[in-house]
C-alpha cells in the first residue's frame, strides 16, 4: 500500500507533540490494552464526568497520535457527545476508506481517514479508543454501541 | 500394478488348503502379530527344536498362504537351516523383484516372488515370518539376523 | 438429472489418468477426495504471488496473506452457518480438532473420577482414542452407544448412558464405514438437559450434506479439508463462541498469546487462542476455494446426486452373488459410503483384484476397528462416492466383483 | 562468488512481482521463506496425478502416495543425518513438534514438583509457552538462561541452572531475533551428565546451516517446512529412535494405533505413533522437494552466501545514523537475521515506510517478547536473509531507512 494519506502532517504533529499525555489522579475507571501482534500498549484513565482523560503507553505514531486526538476530542464532553464521536471514529476506521469523515464531529480525527485503508494499522488507531471505552465503562459511562473490534 | 505374478496358483492352493493350520500344544514360544493397517492377525507357536510349528490367524490370501508355506518349509528343520530359509524369504520380499528366488532353498516360497512388487502386500507375506521369528526367540531359537521389517 | 457429473469431472485433472491400463475409477472419497483445478489454481497463485506469514507483519505480502487466510475463514463460517468467523478454528485435520477438544474440555471441566464421557461403537479411531486417553488421564469413565444389526446407532440404552454424570457426548455424524447418518437430536437433547456438551465428528458429513451448525444441535464439530476437495494439512474445529471463549488453549506457541513474560503468559481470544504457530496458510486458502466450489454446485444438489448414485450402487451390489452389505440397506438416512463382504474372499484380495482393473476401493478396518468387531469381521471392503462419481463407475465395480469371484471361485 | 544468486532467484516466481510500484525486496525469510517452482511443481503433480490417502490402501493411488510420502521422510532423514527415516516424525509445524515433546516427555518422565525444565530468555514463544504450561500442569519448575549484552546465551549460571533436578533442557539453536547461533555443547554435556534430555529448536538453523543430528548433541530437534522453501502446514520432529520408542503418544486417532477395542488401545511404533489422522501428505512431499533443492545447491554454499550478505548488511546498517543493532555485531556465530532499532521511530512506522518502497521487513516482538524486554524495547525491526538475498536488496533497505529518517526527522 502506498503511503498516501497514512502519515498526514496532523498525525505526525500529534505524535511528536502529544496532548494530555501522562497518567493523572484521581480517576474513576482505568483500562490497559495491548496489541498482541506488535506489542503496542496503552493505559487510559477516565473520570466519571469525562472531565479528566489521561493516558500513557508505548507504540507507533498511529496509536500514539490517536490517543492524543482522543484526548483532544473527548475530554470534557458529556457522555452523549463522547459517544457520538467515538462511534464516528470507529466507523471511519472500519470503513476501508468507504466512509466520508465528518470534520464537524471528528476534528483532527479526520486525518485518520487514510489509515482505514491499511488493515494492519487500523488496530493501532483503535487501540486507545477501545481502552477508553473500557475505562469509561468502569467509570460508569457507557460509550455507545460501537461494534466490537478484534485486537 | 497388474496382477501378473501376485496370485500364483501355488499361493491360491496354500490359501484354500493350508498346511498345519491350528494352534497345538505343547510349545515353548508363542507370538501374536498384527498388521495395524489392515487388521490381519496371526499367532505362531514353536517348540524349542522346531519340530512343532503351529499357527492360526485371519487375513488375506497372501498372509495365510505365507503361513502355510512357512510351516511346510521350517517345521522339523534345525536352527541353521530355518535361519537360512527365513533370511532368504525376507530378502526376497524386500527385493522389489530385483532378487532371483532360489527354489532349492525356498520351495513353494518362490511363488511369493511376485508379491515383492506390491509394496502394500509385502507386509502381508512377512507377517507370519516375523511372528515366527519372535516365537522362536521366545523358545530359545535365534533365527538369523534378518533385517527388521516395519509392520 | 440436472446435476451435470460429466462437466464436474472435467474439473478434476486426475480423471485423465489410467490405472493398470484401465481408466481410473476412484471409489475411495471417504478416505480422501480428489481436488478440482479451481482449488489447485488458487493455492498455486497464492504461493507464487502472495506468500507471506499471517498476523505478524505490516508489510504488503503479509497483509495480503492475512486477508486471504481470514477470508477463507469467513467463507467456511458461512458455509456451515456459523454465527461468526471467530467460531472457526483451523487445525491440521479432524483428528487434531478432536484432540484439542478432548484436552481443553478435560481441563475446563476438571474431569475426574465419577464423570462420564459418552461416544459410540461407530466412531472412527480419531473420535475414540482421544477420549480413551482423556479418561485414562483423568479417571473419568468412557461409555458408548452400540450399533443395531442394520447399522444404526442403538439408542435403547439412552436413559442409562446419558445421565447426570455425563459431561461430554461425542458422536460421529456420518459413519465412515456404514454410511449411516446419525440423527442425534434425542441424544443431544438429553445430554443438554444434564448440562453435558455435545460434539459431532462431521468429517464425513460436511463434505456431503448441507450442514447448518445453528440447527445441528452440537456445541462443537470437527471436519477435515482433504475429504471435501481441499488439500491435506487443514481441518476445522467449529465451536459456539461463548464456549470457545471459556476453553483453555491446547497447543501453545506463537500467535496464540496476548502477552508473554518468562514468568507467565496470557492468551488471545478465539480463534487465535487455538492456532499456535504458523498455521497451514495455503491449505486454509485452498479449503476456502473448495468451499466456493461446493457452494457453486450447491450442497443440496451434490447430496441428491450422491443419493442417486448410492441407490444405484446398493442395487448393483445386492445383485452380485455372495456380497453382504453392512449398514442401512436403503438410501434413507445414509450417505454414499457402502461397505461390504465378498463371501470367502478377504477384503485385501478383493481390493487387489479391483485395483488391477483400475477400481480404487478401500479395504481394512477403515480406522474403525470396533465397527468391524461389531459385525464379526476382521476387515471390510468399502466403496465411497462423491460429486464426481458416475453410474458407469458403479458398473465397473460390479464387473470387478465378478472377476474377484472368478479368481477365488 | 561461485554461488549464483541471480540464477537462484529465477526459480522463485514471486520475485517477478512488484510491491507498491517497486520491485519486491523480501527481507522476511525468518518469518517465512519463498518457494521455488521446483517445490510447487512437485506438489501440483502429486495433487493432479497421485493423490490418495497414505498407509491405508492397497490400491495404486494409495501406494504411490505412500511411497512419495515415505520417500520424502527418507530424504529429510538423510538431509539432517538421521540414523533412520523412522526418526523423522511429520507434524504441522515446529510448534506442534515442541508441544508433542512437552506433553509426551512430561508423561514419560512423570514430571512433578521438584523437577526442573530449563530454557532460555532467547526462546521463540513456541519453545517457551509449551514449557510454561507443562510446568503449570505438573508442578515442575521452569528456569532459564539469560542473554548477554551482545546477544549471546549467558552461560554464567550454568552450574546452578543445570543440576540433578533438571529433566529437560530445550534451547533455540539459532535465535529468530538476534541471529545468534548457540553452541550448546557445554550445556548439553552438563545436562547429559545429570541424565536430562536435550531438545533444540532448529526452526531457524535447519533452513540455513548444514545440520547433522549425529553430532549436534541433541536428543530431539524441531523444525518447520515453510521457513526452508517448503509449504506451510508441515513440520518435523526428529528424535533418537530409542527415545521415540519410549515416548507415549500425544495426538491420538487414525493411523497411530496397533489395535483398538472400545476398552483400550495399543499404539504403533514411531514415527506412526506420533502421526495421528491423515498427515499433511502433499506438504511432506513438498518439503521433500525443498530438501532436494537445498541439497542441490549445498547447505555449505548457502550458508556461505548468507554470511557474505550478513557481513554486507551489518556494515550497511551500522553506517545509517541512529540505527542500533541487537545481537552479535559480527558474522561470527550468527546467521542472516538482523534486528535493529531506528532512534525515535517505532518499528511499526519503520516497517510501513519500508513497505511503501517494496522492502518487506518484519516489525514487532517476533514471537519472542522476552528478548525485546531484555533489551528494553517494546518491539524491533528485523531484516532476515536467505539464499536468494542480494546485496542490491540490502542497499534498498539502507536507502529505505534514510527515507524513514526523513519522514520522522
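Note that the chains take the letters A, B, C and D in the order they are written out, and that residue 1 is the start of every chain.
In the analysis below, a contact is a pair of C-beta atoms (placed from the backbone, for glycine too) under 8 Å apart; a residue touches a chain by one contact, two chains touch by 3 or more.
Quick caveat, the model's predicted, so the values are computed rather than measured.
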Set of chains adjacent to chain B and to chain D: C
Chain pair, A-C or B-C, that carries the greater number of C-beta contacts: B-C
Intercentroid distance (Cα basis), chain C paired with chain A, Å: 45
Cα-centroid distance, chain A relative to chain D, in whole angstrom: 37
Chain centre separation in whole Å, for chain D relative to chain C (CA means): 31
Chain B: positions in contact with at least two other chains: 1, 37-38, 118, 121
Where chain C touches two or more other chains at once, by residue number: 20, 56-58, 60, 62, 257, 259, 348, 352, 355, 363-364, 369
Chains grouped in pairs wherever the two touch, ordered by label: A-C, A-D, B-C, B-D, C-D
Complex contact set, residues of chain C against chain A: 55-58, 60, 62-63, 66-67, 86, 257-259, 268-269
Chain C partner contacts - residues on chain A that touch it in the complex: 1, 34, 36-38, 118-121, 150-151
Complex contacts: residues of chain D adjacent to chain A: 20-21, 346-349, 352-353, 355-356, 363-365, 369, 372, 378-379, 407-408
Sites on chain A touched by chain D in the complex: 1-3, 6-7, 12, 37-41, 58-62, 64, 118, 121, 124
Contacting residues of chain C [partner chain D, same complex]: 13-14, 17, 19-20, 24, 26, 28, 31-32, 34-35, 40, 44, 47-49, 51-53, 56-62, 92-96, 98-99, 121, 124-130, 132-133, 142, 144, 224, 226, 231-235, 249-257, 259-262, 264-265, 276-283, 348, 351-352, 354-355, 360-364, 367, 369-370, 373
